[in-house]
Amino acid sequence: MKLYQKTAAELSRLLQNKEITAVEVLNSFMERVDEVDPQLKVFITCTFDSALETAAAVDHRRMENEKLHPLAGVPVAIKDNFCTEGIKTTCASKILESYIPPYDAAVVEKIKSIGMPILGKTNMDEFAMGSSTENSAFFVTRNPWDLECVPGGSSGGSAAAVAAGMVPFALGSDTGGSIRQPAALCGITGLRPTYGRVSRYGLIAFASSLDQIGPLALNALDCSLLLEAIAGYDQRDSTSLHREVPQYSAAVDRELEGVKIGLIKENISANFDPEIKDAVLKMAALFEENGASVTEVSLPHTDYGLSAYYLIAPSEAASNLGRYDGVRYGFSANGDNIFSLFSRTRGQGFGTEVKRRIMIGTYALSAGYYDAYYLQAMKVRTLIRRDYEKAFQNFDIIVGATTPTPAFKLGEKADDPLQMYLSDVCNITDALAGVPSLSIPTGLHSKGLPMGMQLTAAPLNEGLLFQAAAVLEKCNDSSPVGRPSILPVEGSCRNGI
Amino acid sequence: MSDDFIREVEHVARLARLLLNSKEKELMADQLGAILDTARKVREIDTAGIEPTAHVFSIPAFLREDAISPSLPVEKVLQNAPKKMKSYFLVPSITAIEEE
Amino acid sequence: MEFETVIGLEIHLELQTRSKLFCSCSTAFGSEPNTSCCPVCLGLPGSLPVLNRKAVELAIIAALSLQSEVQTESRFDRKNYYYPDLPKAYQISQYDRPLALGGFIEMEMDGAKRKINLERIHIEEDPGKLMHSGESILDSDYSLVDYNRAGIPLLEIVTKPDLRNGREARLFLEELRCILLYSGSSDCRMEEGSLRCDANISLRPAGSKTLGTRTEVKNMNSFRAVEMALDYEAGRQAAVLSAGGSVVQQTCHWDEGARETIPLRGKEGSSDYRYFPEPDLLPLILKPDYIETLAASLPELPSSRRARMMEEYGLDPADAAILTENRSLGDLFEAAAGEYKDYRNLARWVRGDLLYLLKGSDRNPSEVDPFLLIKLLTMLDEGEINRPVAKDLLDNIVKNGTDPRELVQQKGLGRIADRETLQPVVEKVLAENKDAVASIRQGREKAFAFLVGRVMAATAGRADPGKVQELLRELIN
């Protein structure tokens, strides 16, 4: 077994036992990137040189018997909407094509201080708006399970990288499913933590009241390790929660005896792909075999989630993206007066989907429509939160399918925004409620594509999700989907774009 | 798509400072119409007496002490500036702010 | 037709914090361009605001000192608009849940007691600063942006339309400044832009209750400019209405040079600010006992101090007004009044010579030792020194903090009253001014005062004027 085929936890153990070096680990992953990235197109920017420096420094410190973080030397990839000092951060947008931030995001600071080599910045839908990574201004990322299919989005680059063994785990952001949906479509595990669990400082905002950073990994244990590394209170993010970070990785050894699991009625009775629903039911049966109780639970306002989300998120986005005006940074069009500078910069710098959402959001907030659209959506959000509060009075975890279908073909939904929006339909209400939600693989569809199930818990109960997921992994002998086989082709990504 | 809605799209694009060509305007008008039809679903629910959610968790606001920490060096402030003059950002004439 | 002018003011004040409202950059005035900037106040992607505790405290203090009701829950909103000085394309402000509601200032205006009511008080951030290449906005090919000011904490105070002319607006602003200087929330320096004022002004037929169409007047850079601009604009509107025209709702700039208001281009459409709750900041929840603690720590405010000083020291309204205008001048007076009981004499000296010397030497009243002042006045009262000498000694107290008695001893500045010293001086003056002596002998008393003045001058103002007169009479007769 090659090093790039190992999980982060295994690598961590081997590194701590000094059986391997961080440079060896990194070399294995870099070779893998060189092998498969020309086909998959995951990285917008590769940062191999600085990753090597980090790995070498970790090896040196380990030789000196310094006490290191367990993840020191384990490489990671980062979605290109996290600010990285001195390294291009584009949000996969033409408007930030050559933008170099003068500071690191809070989570990047943490990753660096641990000594985790950063392999590069991964592709995404422009400003995280999309569900297929096709909205990248630069290139399309492919699904490692089927190169004709999308990897999901918006964290499609991070998901594909993990699935293809280019990196043991990666960071993504989830506003309305952008971690969980690509995790499901790529057959890996991805967590959207509780809103406020991870500092958003330095995450380029899409919709501030919904954005949350989380890990994508091969299994629950790796997810929990990465969450431990990045979670915690940060004074620079006023919405960050002032709560201790538990040892999430300890949760994977716990039993499920007595855990109450709710099968979300609105999800399981929806018109989704039957194989996906069957897989969820199969997992539910496994939960029962392991001592958990499984009954149905209803989230009655689920149907309104999509509508509320597609008012709230674009409204916040329209405001958050106002700053890209061609004055201080980023792409700047020629304009002989300030108005033409603004509107040409934004007209030419943003892609179609971003413009579409700015238009929806501006409309929903504009005079005469605020009460009917934005305010009403915020009230519906309250009702959705209450659905969850009620559900968690009786259940520890509620579950359903992560996506209605497995990965769809490239271009299949590109011209129909509403169809594209519907691919997040299962992920949106969790985000509106701010609760933690984990997507795990449930098996392979007859089309040969992975399927996913979503586990959701009450705020700050991420540990419980890892616990449940780990029990299923044991029953399935690690992953029910295994790993995709991708053949290397000629080429190298080292130059990035 | 009605001319009225095209005008609405033009108005919103102006508010959002987005220059759209006529093809984009038509496409937007089509798609926004469909998206807003879906979004209108929120109006089916009676929300009388329901408080809006602006923040999912009501935690007390953190207040920072009034202490100064170093600002960015001016080179870093200006490093991404599309146009600058001395240590200022440079912008074209602001007289025509409402035109075009 | 008779018109009544209706004026409401929107005042922006810089809160006196060390760091900005949402980041730790310095608020110091006059730094090199773009040197007090960080990811937050530049609106760099990914940055987030964190509220400054001191700004909140100063805002509450200001609100309390204006009798405004501080809300236990207020909220921050985003005001969205595009302008090159606005880094995030939104200003973080407070819209439908401001920090404080209501409030008023009660004051004398031309002998009548008036109560000017406030609508609301809220916290917001300042945008950056634009500099234009040409003479004005209108003829500039390009502009330069400095974001040092972006994010400086501002307090916005909105009055009800309770003011009736430019003079009232000026008097209101002077009183407002006086109050806020007392409470220490802002330094209110209009010339540095730490106090800015815009006005809404409309006319209506006298006696009418409905408001007429208003215009907004901006760019008034001094209290005098506010008075002139509003009186000008009221006159302009009256002329329009009298001629049968109607006032167009618009924004005008006060042109200081031309002494007239100039309409800016119509801003239709730009007024849709798309306010919505700022998702990056939680609501500001204030505990009632915190607000009470701040209320208890408020200093005595100018209006009640004025009343008390008239009562306690028997001062007339003019003296009381001048002595309370500046908090530390009032403090100096009261410190001295603790020991020196001729309050009216003390008031005359403090508001007269002392204030004049302070202004001339750019000193603050708090730098003056009240005990030196008491010593000086007592020496004068007891005839140890003459008035002209006292003025010199006061100058030394203000500029150098010198003890007047020590200086008198050191330089021999005491009063000369003994005959042996004075008689030769008087004789010399008489000898040199025979004409004057002659005219006195002819009954012209005017010349007598002249001779007293000569003797005083010859003794550098130290001679005892009574003794001098006595000697002169004796020697002339």
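A, B and C are the chain letters, set down in written order, and residue numbers restart from 1 in every chain.
Assume a contact is a pair of C-beta atoms (placed from the backbone, for glycine too) under 8 Å apart; a residue touches a chain by one contact, two chains touch by 3 or more.
As the structure is a prediction and not an experimental result, all values here were calculated from the model.
Trainee: Report the most central chain, judged by the distance from each chain's C-alpha mean to the global C-alpha mean.
Mentor: B
Trainee: Please work out which of A-B and B-C is bridged by more C-beta pairs in contact, and write that pair.
Mentor: Ranking A-B and B-C by C-beta contacts puts A-B first.
Trainee: When the C-alpha atoms of chain A and chain C are each averaged to a single point, how far apart are the two points in Å?
Mentor: Averaging C-alpha atoms per chain gives centres 57 Å apart.
Trainee: Distance between chain A and chain B based on Cα centroids, please, to the nearest Å.
Mentor: 24
Trainee: Which integer distance in Å separates the CA centroid of chain B from that of chain C?
Mentor: 40
Trainee: Multi-chain contacts only, two chains or more: what residues does chain B have there?
Mentor: 14-15, 17, 54-55, 59, 61-62, 64, 72, 77, 89, 91-95, 97-98
Trainee: Can you list the chain A residues in contact with two or more other chains?
Mentor: Within chain A, residues 99, 102, 209, 235, 238-239, 318, 322, 325, 327-329, 338, 342, 362, 366 contact more than one other chain.
Trainee: Where in chain C do residues touch two or more other chains at once?
Mentor: Correct list: 39, 42, 50-51, 82, 84, 143, 145, 272, 274, 279, 281-282.
Trainee: Chain B touches which residues of chain C in the complex?
Mentor: Contact set of chain C toward chain B: 17-19, 24-26, 32-39, 42, 50-56, 75, 82-84, 130-132, 137-138, 140-147, 265-270, 272, 274, 277, 279, 281-285.
Trainee: What part of chain A is in contact with chain B in the complex they form?
Mentor: Interface residues on the chain A side: 99-100, 102, 195-196, 209, 235, 238-239, 241-242, 301, 303-304, 306-308, 310-311, 318, 322, 325-332, 335-344, 346-348, 350, 352, 355-356, 358-360, 362-364, 366, 372-373, 375-383, 385, 417-418, 421, 432-434, 459.
Trainee: Across the complex, what residues on chain A touch chain C?
Mentor: That would be residues 82-83, 89, 91, 96, 99, 101-103, 105, 200-205, 207-209, 235-239, 315-316, 318-319, 322-323, 325, 327-329, 338, 342, 362, 365-367, 370, 374 of chain A.
Trainee: Taking the touch rule as given, give the residues of chain B at its contact with chain A in the complex, in rising order.
Mentor: On the chain B side, the touching residues are 8-9, 12-20, 24, 27-28, 31-32, 34-36, 38-45, 47, 50-57, 59, 61-62, 64, 72, 76-77, 79-83, 89, 91-100.
Trainee: Taking the touch rule as given, give the residues of chain C at its contact with chain A in the complex, in rising order.
Mentor: Residues of chain C touching chain A: 39, 42-51, 78, 80, 82, 84, 87-90, 143, 145, 272, 274-276, 279-282.
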